[in-house]
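Presented below are the structures under discussion, each in the form of structure tokens.
Next, two complexes with chain A in common: one pairs it with chain B, the other with chain C.
Right after this comes the complex of A and B.
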């Protein structure tokens, strides 16, 4: 039985599903900017907001985090490097490596920020259809001279469409390799090579088939886009988010 | 004059390998043509030429008087294609959005798109699944969704490449019933398969490919006993001397 990956749209009727895509893109940019500038208290407020959004979308945060195992490798790396390279009072020492209290604290904040970014991205992708994303990006790019907004929007929306496919195929290849004892192999470089070569081959084959399928259905950049209607509730939600943003920024 | 006219079609890949040789075939409106052959006999390559996804190395294909090479976009509106791998054909995030993909590409207005999507979903029995993710559908439902996408484009010709592959018994039945309905509704059907058993009773013509060449064509009842010479399994009922009977019975 197939399963949806965390980066996939989930149909629904929640407020986030119905919100105008332009507001959603603005909110996403705002949340990302806040996440990178917020302090501990600001991050607590922001995380609370994201938890509320997850609850509204009826997506389990724990399951989502469990599916983001690869992210935790990045977080461990970030935490490690920040702990070692930030000057401060030493907490532990392993040979020439000194872990400082300030470094550990700063690393933890960076990790928190990264998790916030990922969760905000997942909320956006889970509640916004690909055609909506395309129309929204197109609308934002239209006033900018020299940018072929339709082409760029199609490329970004296809990337969003393709991400779950890549994850699914990575999962299938990983299972197939595990079933043939790939975990016994200790050399991580060899394991990565054995994993990535078939993954890339399959991704390119799938991309090829997707292009054929789209072409066979008369795909063109000049297609009917979904209607975008800015409702008063969208504007109110934006005002609330901006006020919250100012509060978080000043905390 | 044929509705679909293929005249001395040849195709070779960039590495020089010739996959289709000198195919000439004429199909009338409303026919149900089954194209059979072993793996690698050129069936899929031939299908892709009908939709303008490949360009002939030699020869001409025309659909209802339109040259496929010169006017691929108009031809693609007339010829809908169901690919062997249904997963790669699904391009949107919900069933309804996937059906709307084709009409949106045609630049139709929103009201017309909605009407066509609703009609196509009703015709394929997918209305209840309109908000479901296509990834979560069964194999049979995914194929029906691909058919719904073509119905919404109001295509007259359906080219189906191995529509029964990877389907269980109920899924195969659903798809066969759907194809029969399409034919009853005056659509022209071109179906590629190596499993003759399932469709032969409903076809009006059988075409056999071998090593990129068209080697036999005619009424199914006239040539069905020869198919094993070309690496295709003869349907059971025919083998047992009972003629051709529907797989649905």
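Right after this comes the complex of A and C.
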């Protein structure tokens, strides 16, 4: 049962797939900064932009969101604490808990920001291959002193590549244990142990196989990286995004 | 240590970073609240990989999140997240993993072949680690949101304490099972001519 997780790279030839990886990383950082500082109008513009990108990639937003049930759980928690701990006009009252209109509003905007950030990340990961991510990060880290940029770039790209696999394995283990009635067991320590041990085993087995594969292909940090070329389309899209960013900031 | 072991540790470290990232998304429903596994995985990183590679694991994880890759809890990416109310917990992970890894390293010779003693050391190391998480996370939360101390502690520490204790005990049990296998593999690959 190989179910695709949302963090997976999807091969394709869309505009986003062809964009230079350095531009993509810059855009990602820019979109993140914007999402945190934008007002309502700015957030609407940003969300519109992200929806356009999703359409471009032919990924369904609804399926993506459905896969992120835990994210919503955390968002509800964030919304709850925000509504309770913001001062303002009381809206509802449950005992000593007062939910204020202002709190609810600021909580909702905050949740919107988080979803925007998340979708931007998903777009990046699903349209950028692992070697591209590696060479992009390497390019950015090169000027920084004290960081072994090749090693770090390899590690980040491995992490991004294996995150979907780990999630998938965790899902499989959880389903397998559910089907054997693991939920009847009430002792939380036992539950955590029984879940994590097979997960760690599998992850370290994967790591061992990966080491074998890398060694047999004579892996070294000094390898020839794919060439990155800035096309004029990349520059134009960067300029558009920057202008949009300035507009959103000043709104 | 041979170059082969260096590569193996690098791969282990990358995959542990993936596990830590995944830990933000997987939860085990126990009772009414699901327990999120991320901080348990951070503690285990220190126990299993030691201070140097443990630190590398968390640093890689934080860097990837800082670049905007969707790896932080609730998928928040971006450097802006470090300035948010919960950013302190993320920064604390760096110190904690180093601390736990360091305690493991200085005691491992003495604890060799003493399973119970190792188990107790692991638990003590992780409790110290958890205390550090809150010692950094809660003041950070207070500074960013401007809550009074009582509220900051009520939101940022109290709801998680019982869960954390459960996780610490579980992590010690997991480490007891997984650690020998990792040590053996590293030993074998160090002995073999690479």
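Assume the second predicted complex is superposed on the first by the 233 of 251 C-alpha atoms of A that agree within 3 Å, B and C clash if a C-alpha of one lies under 4 Å from a C-alpha of the other, contacts with A are read in each partner's own complex, and residues count from 1 in each chain.
Please note the rule applied: a residue touches a chain if its C-beta (ideal position, glycine included) is under 8 Å from a C-beta of that chain, and two chains touch if they have at least 3 such contacts.
As the structure is a prediction and not an experimental result, all values here were calculated from the model.
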item: Larger contact residue set on chain A - chain B or chain C; value: C
item: Chain B versus chain C as contact partner of A:206, first or second or both or neither; value: both
item: Partner chain in contact with A:73 - chain B first, chain C second, else both or neither; value: second
item: Partner chain in contact with A:219 - chain B first, chain C second, else both or neither; value: both
item: Chain B versus chain C as contact partner of A:9, first or second or both or neither; value: first
item: Partner chain in contact with A:45 - chain B first, chain C second, else both or neither; value: neither
item: Which superposed partner A:29 touches (first chain B, second chain C, both, neither); value: second
item: Chain B and chain C contact sites that coincide on chain A, given as residue numbers; value: 206, 210, 214-215, 219
item: Interface residues, chain C side, partner chain A - complex; value: 4, 7-8, 10-19, 21-22, 25-31, 34-35, 37, 40, 44, 56, 60-61, 63-64, 67-71, 73-80, 145, 147, 151, 155, 166-167, 169-170, 173-174, 177-178, 181-182, 185, 189, 194
item: Contact footprint of chain B on chain A as seen in their complex; value: 2-4, 8-11, 129-131, 161, 164, 206, 209-210, 212-220, 222-225, 227
item: Partner chain A, residues of chain B touching it in the complex; value: 48, 51, 53, 73, 76-77, 80-81, 83, 85, 88-94, 97, 101-110, 113, 131-133, 135-136, 149-150, 153
item: Parts of chain A lying in touch with chain C, wherever the complex brings them together; value: 7, 25, 28-29, 31-33, 35-36, 68, 70-71, 73-75, 78, 81, 85, 114, 117-118, 120-122, 124-125, 137, 140, 151-152, 154-156, 158-160, 162-163, 165-167, 170-171, 174, 183, 188-189, 191-193, 195-197, 199-201, 203-204, 206-208, 210-211, 214-215, 219
